[in-house]
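Chain lettering (A, B, C and D) follows the sequence in which the chains are written, and residue indices restart at 1 in each chain.
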Amino acid sequence: MEEAPRFYAHPFDDDKLKEECGIFGVIGVTDASNFVALGLHALQHRGQEAGGIVCHDPELGFNSARRFGYVRDNFTSADIMETLPGPLAIGHVRYSTAGSKAAVIRDVQPFFGEFSMGGAAIAHNGNITNALALRKELIERGSIFQSSSDSECIIHLMARSLQKDIPDRMEDALRRVEGAFSVVAMTRTKLIGVRDPLGVRPLVIGKVADGWVLSSETCALDIIGAEFVREVEPGEMVVISAAKGVESRRPFRPQPSKFCIFEHVYFSRPDSIIGGQSVYETRRRIGVELAREAPVDADLVCPVPDSGTPAAIGYSQESGIPYAMGIIRNQYMGRTFIEPTEQIRNMGVRLKLNVNRALIKGKRVILVDDSVVRGTTSRKIKEMILDAGAAEVHFRIASPPTAWPCFYGVDTPQREKLLAATMSEDEMREHLNVDSLRFISLDGLYRAAGEPEGRNNACPQYCDACFSGEYPVEPSDMVAKGFQLKTAAE
Amino acid sequence: MEEAPRFYAHPFDDDKLKEECGIFGVIGVTDASNFVALGLHALQHRGQEAGGIVCHDPELGFNSARRFGYVRDNFTSADIMETLPGPLAIGHVRYSTAGSKAAVIRDVQPFFGEFSMGGAAIAHNGNITNALALRKELIERGSIFQSSSDSECIIHLMARSLQKDIPDRMEDALRRVEGAFSVVAMTRTKLIGVRDPLGVRPLVIGKVADGWVLSSETCALDIIGAEFVREVEPGEMVVISAAKGVESRRPFRPQPSKFCIFEHVYFSRPDSIIGGQSVYETRRRIGVELAREAPVDADLVCPVPDSGTPAAIGYSQESGIPYAMGIIRNQYMGRTFIEPTEQIRNMGVRLKLNVNRALIKGKRVILVDDSVVRGTTSRKIKEMILDAGAAEVHFRIASPPTAWPCFYGVDTPQREKLLAATMSEDEMREHLNVDSLRFISLDGLYRAAGEPEGRNNACPQYCDACFSGEYPVEPSDMVAKGFQLKTAAE
Amino acid sequence: MEEAPRFYAHPFDDDKLKEECGIFGVIGVTDASNFVALGLHALQHRGQEAGGIVCHDPELGFNSARRFGYVRDNFTSADIMETLPGPLAIGHVRYSTAGSKAAVIRDVQPFFGEFSMGGAAIAHNGNITNALALRKELIERGSIFQSSSDSECIIHLMARSLQKDIPDRMEDALRRVEGAFSVVAMTRTKLIGVRDPLGVRPLVIGKVADGWVLSSETCALDIIGAEFVREVEPGEMVVISAAKGVESRRPFRPQPSKFCIFEHVYFSRPDSIIGGQSVYETRRRIGVELAREAPVDADLVCPVPDSGTPAAIGYSQESGIPYAMGIIRNQYMGRTFIEPTEQIRNMGVRLKLNVNRALIKGKRVILVDDSVVRGTTSRKIKEMILDAGAAEVHFRIASPPTAWPCFYGVDTPQREKLLAATMSEDEMREHLNVDSLRFISLDGLYRAAGEPEGRNNACPQYCDACFSGEYPVEPSDMVAKGFQLKTAAE
Amino acid sequence: MEEAPRFYAHPFDDDKLKEECGIFGVIGVTDASNFVALGLHALQHRGQEAGGIVCHDPELGFNSARRFGYVRDNFTSADIMETLPGPLAIGHVRYSTAGSKAAVIRDVQPFFGEFSMGGAAIAHNGNITNALALRKELIERGSIFQSSSDSECIIHLMARSLQKDIPDRMEDALRRVEGAFSVVAMTRTKLIGVRDPLGVRPLVIGKVADGWVLSSETCALDIIGAEFVREVEPGEMVVISAAKGVESRRPFRPQPSKFCIFEHVYFSRPDSIIGGQSVYETRRRIGVELAREAPVDADLVCPVPDSGTPAAIGYSQESGIPYAMGIIRNQYMGRTFIEPTEQIRNMGVRLKLNVNRALIKGKRVILVDDSVVRGTTSRKIKEMILDAGAAEVHFRIASPPTAWPCFYGVDTPQREKLLAATMSEDEMREHLNVDSLRFISLDGLYRAAGEPEGRNNACPQYCDACFSGEYPVEPSDMVAKGFQLKTAAE
């Protein structure tokens, strides 16, 4: 119910799960929006479709800008940044859920609402699993939705709360929503951060000069020279003001935490630190575990760039087989091509990757990739490698088979499209037609992620629903639409 | 003398020498322009500022498009590609020589001229060292120049030739020009490739179905599935037609070849093959040589991404010190930001690189980079590494000290700005304030580049003027402007 | 609270009152949006800043597009019109209230709301005089406003209505609003038109093939070849469906009608017919009345183009003084220049008008203009005429002195800025420094507008608040802000 | 051989001859480009497709900008005007010769050439009738053309001249060209104006403060407040410098002048003065002559807006039949729509004109138009008038039948498309199916244009080739292409 952007991008099948958002906020600095722009640039891997910034200045009030495209193209010119003044700002980058629907600027966060006690803006990473039910209820009571985003429910719930101040209204609203969410919000004078009771999505607190920062990941603290203070804890709300600093609240009933283990495998940047652990180091250890669990005699260990690199290094170190760049990535390939011709679209993976032919020829090659989703890219890579004359191709995958969709803020194909939902590991190897294919075990992954005893099956230390089908929060909207949860038999 | 493009980009100091062009052409295929677009995408590392395509269709004649920006953004939509029909096309990507002057679309190649016997288009990689003298002479005789490009001389020389056909006119014209040049040109029915007598810049021939391809590098043959046939030889002109295939001519007096050794060090893509050698493998061997020439006790070998990676792998393999990703590159950083704010501009290298803090802390780190030009980036990287808590920082550079500007198609700072022009290796170490700094020797580099005996000082096998100051062709325009050649004493 | 459009226009002081909107809708035709685009083009004089179309197709649902700029530039390409399919569509053009605030696309109508029984869109011409009070009440009850437009209240009032279908909800909503409004709205199957009880703004019904049309003016029926059926009556709601044709409702308590007399003077197009009278003929008769009320000996009668033309023709016919084009209008002057330089901005009226020097020199000139608002343009025109050598300048104005602001959908300066609010007719003549200045009387205007007895002062036949200060509906928001109504003494 | 502009406009058949250019230059003022922009805005009726400005500043050298679209949209922002500094500038607006070929920015004037003695820019109104022959000769001698414009020949002829300074080279060049041309040119220090020996196209000299102006028409002097000095005489070259003022040269052999009589009929603006006569007054007198030559009993005299207006006023005054606005022009219709849908394109004349139905109904109407070219618009207007219920329709045309194409800078259809080339006046009346149709006689036109004795058939006082077929300069390129000149028999 709104016009499409003028150019819409055609995403190439790069066959990955997609994080849907990155969030960032800062209070107590001059030109807060500039900091937010830098932070969002560092979080761009969490969402490349669009970005938005809302800011507040005591004299000039709230201002905002939302744009399709990269932060570096939209939020760097003096022209735009001068329209975003003030010491308090929040921002959001989002991933395209393209294909199904045209992207609309109205869906780009942060969302803003004018309440009787003043304005508030909110940016959200995650997914509200009862959003459809809430939306229906709110429309029946007279709310008018402006977007198709699940996050807009929060603003409408806040508008209807009877609480007198905005943080209280936000508590009210968030107690009604289910699912996974990290939130960065702002009023005229406060910066607010929240994580859901399970703490599925990350959120950290930083300090820069006299100001405070909230960010999805620590890598975005580094870019602005901010010091890492601590993580917002699962179920915690922090309300930060210039006057009082960080105040902590606990709006929810406590629960065992379930951080998303796929943040370690793929979503987060390798230079971020999560739960006290280096993401890079976790990934390298996955490679070490893989080399122990699934050794093979070969000449070269090559990463599928760039996400397979740390695990490939680990595999090489543990196995003693030389590490090499067998596949070269084109640095000038964006995530998308603009309206490509049919011929170019059919080039698929070639636009992005090329085999280092002189290196590969006649060699037995171990390819280390982070995950297999639909398997389409894996097939094309295998073909390129064989075309270049490799003697053998062995796939080693740095995560267990992805057999279940995520409903907590990650864009996954429908279950039927997941290769591992319909095939055993052996069938997948035949389907991909490679000399060997091995995934790391769930226990191996947990060990690499800092759990020396592996997975606690009674109460897993992480959310691993995409591998195990064990959903820590029932995805009620999806169940209402007919999604089949895992049965005891599975 | 022409309007500036609407948005001009601010290049960040990433302190590298810049190749100025990539060229590509194809004949005898359906929709030749689509192939050219793919080829230019694969050659984008040779020039990111702008690109152009000229094509010819027997019915629709010549058509062209020239645009600022990446190939993937300009030459992929059906909209534009449908305006570029026909079985014969050539293309060009160019690097910005920004800073001094605003970029103008008139300077974007290929250049086109309408001669009495029909039109011709020409794309050029290299630099004509007597262009200013030629330009002055041509203007005095009534030629009207439309660009500030040295390459336009070739078209005007062709227009004044008395020869009856276009390849003959091109021979006439090229015999008048001095310097380094690889040329891809086209008439209505022919695809033409030329390399200067020294063969300074690369150019290769490929075959795709019934058609023929000319390309700066082999990696652009791979993207369209073309087979590598051979290199155009130094001093050779090839005239390719559907009817007669490849005809070879020798317009110039033979000379010993002087291929640019910096193509091996940095310019070419690692998956290209030059002179029968894998660029990746040459770079890895440079790392091996460096480890032998300049060993040091340390905990980690880290590349400065992405160009230092192969040499870092080689150094690690030879030294036994573990290879690690100590510096993480932001994938969403383009080469430029559009009109950045002062604050963002000052962020410099941080927008592009971040230190993997958890890994680096307390470690003795060897950083492998491809070259040191002005040293500005090296300083910033060192500071980032030390801020992150490294115990020691050792720089190992995969090329000798860059002490002389290139006049053969590479954008280099003026001599005074080159760190190695004014400092000894030891002074540079002090200037950068690192624990050690070592460059590979010229002999070591030649060995890695396939010359087991090292450099033949009597008649070097490569052009290495940027390291040695020995220019194989006198840069006459520059000398006329007062440039001081190396004296016997130096 | 939203970004400004990329280019914002600088309106030149052309010193006119501005109609704020034109509305148009059609049902029961193929490609209804194309008809709406044509209708809006014919209504462009009622609003030049922006336009929007919402349409509905049984299969493709609701679609919309909103753009800044002219209809001819935004809603004519196949590209955009193909995204607006279906047999039912409404549209809106709006005038810029620029200056005070940046224009925002969110304020561009039609507005859309998704209700539990389906979507509805609404386009509004007029002004809701209690909008601020309603807005405050709605926000307190949890509504989230997305625009600064008074019209958005209607959608929120509808959302909160307990009625079961949309026309009933609209009745509910409109009974809560005060002021002047003509509304065109649509549901999935119905086209709805409403005029406020006083009928201040126009709205007519037309018939085209099997379909029905609603339009602000009859000139927009002509462009699509539609037949004029009748006016929507003051206080009437018409609900039009393919099945049942036009159904009439009467949601409001009956009141004597008060059509805006300024529609006759200036707002409506001369080829429209209002209340059974030709606008052109009314204006010509104003000239006739003026010639009787305020004769003067002179050589030429010249219109101030283009709005003064019919009255100048009438004045010439009644007085026998020759009609001539003494001032030539530049056809290529839009209503605005884009970001003009200071020098160009200072050119003011010269960019738009030029004196026909050869004609004017030495002549006694009667200038006929439609109105005097701030008097700034009148002064400049007088200076141009004198510079060109006119012997005498006599102004004749086709409306009474404009001494009061309009609160019913017309953009007027604050009262202090209106020349007639602070000066007598004689003071104005001195201020403008012309040989004579005369306005038509209120009675003369009413006679020209078809009331042979002139104005019925007990119950005026038109709304003439801008001349008389007698507001037929109290402008309650403005009074709350301190606006002083006319006292008995005035 | 160059990319098309991104949006190309579809001109509607408004069935007029089109002037192809307006030219303007100024020297000796601060920010000369701002004056040029204003002058071009006043000359926009002479060319609406594109405009260009070249300027020179002693420190910043030559700068230029060329854009598609209106002056008011392209040359008014501080942004662009600040890039055009200096006390000397020239500019050009051009009409689209669209249809045959896509418009290209390279064809937009002024053209610029860098000669050995410095740069020069040139803007041209008219047409060089031996341009194809010159072009062929120049290409054979080595010139490389950058545009398809006939005007580019002048620059290349100048480049090959052996004269030492630019005005002398221009004399050399212009002596080689045939046809009709008014030229405004500039060097670094001089402003140059030339008219061809016949003086077909206009060019006037003005004075503004200490500076000098050259302009196609006097209306563009008015807009900048410049004083009219005199016309450049046929066959005169004026060289204007700050130091020496206006110097006059006579490069050509004297000939009797042949000013284009159609400038009086249609091309020039009514507020311009040509040859000492007011264009408005000439047009009014044409109406008077028409009323004498072709009287008819009727109720109303209505102009076809806007160009028929002065003649309609004259006809009304002479005949005593009331003048009225029977056809209303939509002010928001540009000359083109951007890529209109088929449906909109078919609306043709309705988008631009509407009948004032209430006025026309039952009346006998005289329609006064300036010319009949193909007759397509006349037919549509007649249909609209009859649809609205007119009792009779009488066409009176303010020019003789247009039976021959113009080759002197006006865009005319091929001869076969001209209604008067194939039909007698009576056949045209039947074809248009109107009650009467009369054209003014050639003698009547000459009388109105200030020749009391009418046309001197032995040596006509004007160029009237479009009416008479008597071409004062043989159109040699066209004759070479097969155009048939008038035979003695015709």
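By definition in this document, a contact is a pair of C-beta atoms (placed from the backbone, for glycine too) under 8 Å apart; a residue touches a chain by one contact, two chains touch by 3 or more.
The structure displayed is predicted, hence computed values, not measured ones.
Visitor: Touching both chain A and chain C, which chains are there?
Guide: Output, common partners of chain A and chain C: nil, no chain qualifies.
Visitor: Could you tell me which chain lies farthest from chain D when each chain's centre is the average position of its Cα atoms?
Guide: A
Visitor: Using Cα averages as centroids, what's the distance between chain A and chain D in whole Å?
Guide: Whole-Å distance between the two chain centres: 62.
Visitor: At what distance in angstrom does the C-alpha mean of chain B lie from that of chain A?
Guide: Those two chain centres are 36 Å apart.
Visitor: So what's the Cα centroid distance for chain B and chain D, whole Å?
Guide: It comes to 51 Å between the two C-alpha centres.
Visitor: If I count partner chains per residue in chain A, which residues reach a count of at least 2?
Guide: Not one residue in chain A touches at least two other chains.
Visitor: State the interface residues of chain C toward chain A in the complex, per the touch definition above.
Guide: 1-4, 61-66, 83, 112-116, 119, 136, 139-140, 142-146, 155-156, 159-160
Visitor: For the complex, give me every residue of chain A touching chain B.
Guide: 31, 34, 37-38, 41-42, 44-45, 48, 70-73, 76-79, 81, 219, 222-223, 269-271, 273, 277-278, 280-281, 284, 306, 309-310, 313, 317, 322-325, 328, 330-334, 337-344, 347, 350-351, 354-359
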